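A, B, C and D label the chains in the order they appear, each numbered from 1.
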Amino acid sequence: MELTERANILVRFNEADPLGIVWHGHYVRYFEDGREAFGEKYGLRYLDIYKYGYTVPVVKVSCDYKRSLRYGDRAIVETRYIDTAAAKIKFEYTLYNAASGEIVAKGSSMQVFLDKETSTLQLTIPPFFEDWKKQWGVL
Amino acid sequence: MELTERANILVRFNEADPLGIVWHGHYVRYFEDGREAFGEKYGLRYLDIYKYGYTVPVVKVSCDYKRSLRYGDRAIVETRYIDTAAAKIKFEYTLYNAASGEIVAKGSSMQVFLDKETSTLQLTIPPFFEDWKKQWGVL
Amino acid sequence: MELTERANILVRFNEADPLGIVWHGHYVRYFEDGREAFGEKYGLRYLDIYKYGYTVPVVKVSCDYKRSLRYGDRAIVETRYIDTAAAKIKFEYTLYNAASGEIVAKGSSMQVFLDKETSTLQLTIPPFFEDWKKQWGVL
Amino acid sequence: MELTERANILVRFNEADPLGIVWHGHYVRYFEDGREAFGEKYGLRYLDIYKYGYTVPVVKVSCDYKRSLRYGDRAIVETRYIDTAAAKIKFEYTLYNAASGEIVAKGSSMQVFLDKETSTLQLTIPPFFEDWKKQWGVL
């Protein structure tokens, strides 16, 4: 089963740089917007995970820029869960120009689990996330 | 006695908007940079205040824009402490273009004291801040 | 006739500071979100104005913070056009917590008209904006 | 010959998230700070390149996070030029905690050359960049 969610992005004036295009650093924020939309659909928002006793800091992020976005453009971020055997959460992102349908960027992120009280890195998959995987048919 | 501090600001590429000038919202960050530089000089950084048991959220901010800044410009933010009888911290800011010396913007901010544990608003000046005022001759 | 528009704001994780509340500088961005939503409803977006030959830089902004917003909160920004006789555009903003209905912040902004080619300040109201005022019954 | 530059980063209050650590997206900005410091030392700032007739948009960025930074921390970003035979500019970044010397993050970026008037992708290395390579002994 494939777990994905799409979210709308409206490019703000203050996100475009002197060249008139969205500054590349803002895409990391778009990815987080996508991840949160995914989390809302599948019960995996930061707040949900926090309630289970964990924080999930990003330990790796990457982005390939294919086309540019301009102020006023509408984009769609598609967030796809990629299952791994490790105690990690991996997502892949595809950013589309909503008008043309063209791919604007592709990216990925990796998160780990820390105990929210002690900040200890979890080397095995936390029980709540095993349950989550079962619930959504990825285990 | 007048308490002021000057801090350098280098305008980043990612702070300029499609018109090539610094987006107006970033000035609030420049003011905070100025406030922290002031705090470093006079022992009033957020971290110092936190150690005394308080947080000092901003409850009012304003900015008048006189001229624009462009990517690559160097600016100077001058932060001036304005004493008040109330349990508040007031600052005024003057932002200069470092090359021309012209005033770019003027602004102000007001902060209140909250107990860091209970978030209770302090209606009287906290003892540590009375001491601070005495130390710097503003009481 | 009163011209207003309401827009939804979803508080992002990356907008909250170490105290867990939205950093005060982000409200300026929320106001711009409100202004753009207003512009979309009434034909007064930056892009619309640009087509008429003008840019409208913000020359004054202020914000009074009443309550805090936290990551995950939903807010509503209400943007109200305030007519003035001068060659300026004035807006007032009220930010509400969408769940409680409480006022979170109030603010205002003032913009002027510059010729987009020469950056010359317009001392009289541009014809397109006179038309706009007539169209919406504020003249 | 190895071309590198080090720049100081002061972690701002507004860059830390509700967990008290710098939000991961801000590292992309730190990398740009490093790239600009490198550009200042070696004559390769955006403004320099623009004068030669090109813009150099980022087409790929990645970051591996090893440790976290907190508000008040001082960091050092080391930017290293990595020569390639293609019409591209590649940098690698190492972010250190200035106090402990520990590596906080590693990253890289890739930029391409566009004609600044036509936005045409340059498939061969622009003459000015060949000269730059010769000047700095990387060709």
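Throughout what follows, contacts are C-beta pairs under 8 Å (C-beta built on N, C-alpha and C of every residue); 3 or more make two chains touch, one makes a residue touch a chain.
Treat the numbers as computed from the prediction; the structure is a model and nothing was measured.
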Completion exercise
Comparing A-D with A-B, the one with more C-beta contacts is A-D
Fill in the blank from the handout: Greatest centre-to-centre gap (Cα means) from chain C is with chain D
Fill in the blank from the handout: Taking each chain's mean CA coordinate, chain B and chain D are separated, in whole Å, by 29
Practice task
Would you kindly tell me how far, in whole Å, the mean C-alpha position of chain D lies from that of chain A?
Solution key: 24
Completion exercise
The distance between the C-alpha centres of chain A and chain B, rounded to whole Å, is 34
Practice task
Would you mind listing the residues of chain D that make contact with two or more other chains?
Solution key: 13-14, 19, 25, 29, 32, 71
Handout entry: Residue ranges of chain B in contact with chain C within the complex
Key = 19, 21, 24-25, 28-29, 32, 55, 57-65, 68
Handout entry: chain D-touching residues of chain B, taken from the complex the two chains share
Key = 12-14, 29, 32-33, 36, 45-47, 71-72
Exercise for the section: Give every residue of chain D touching chain C within the complex, in rising order. Expected result: 13-14, 16-20, 23, 25, 71
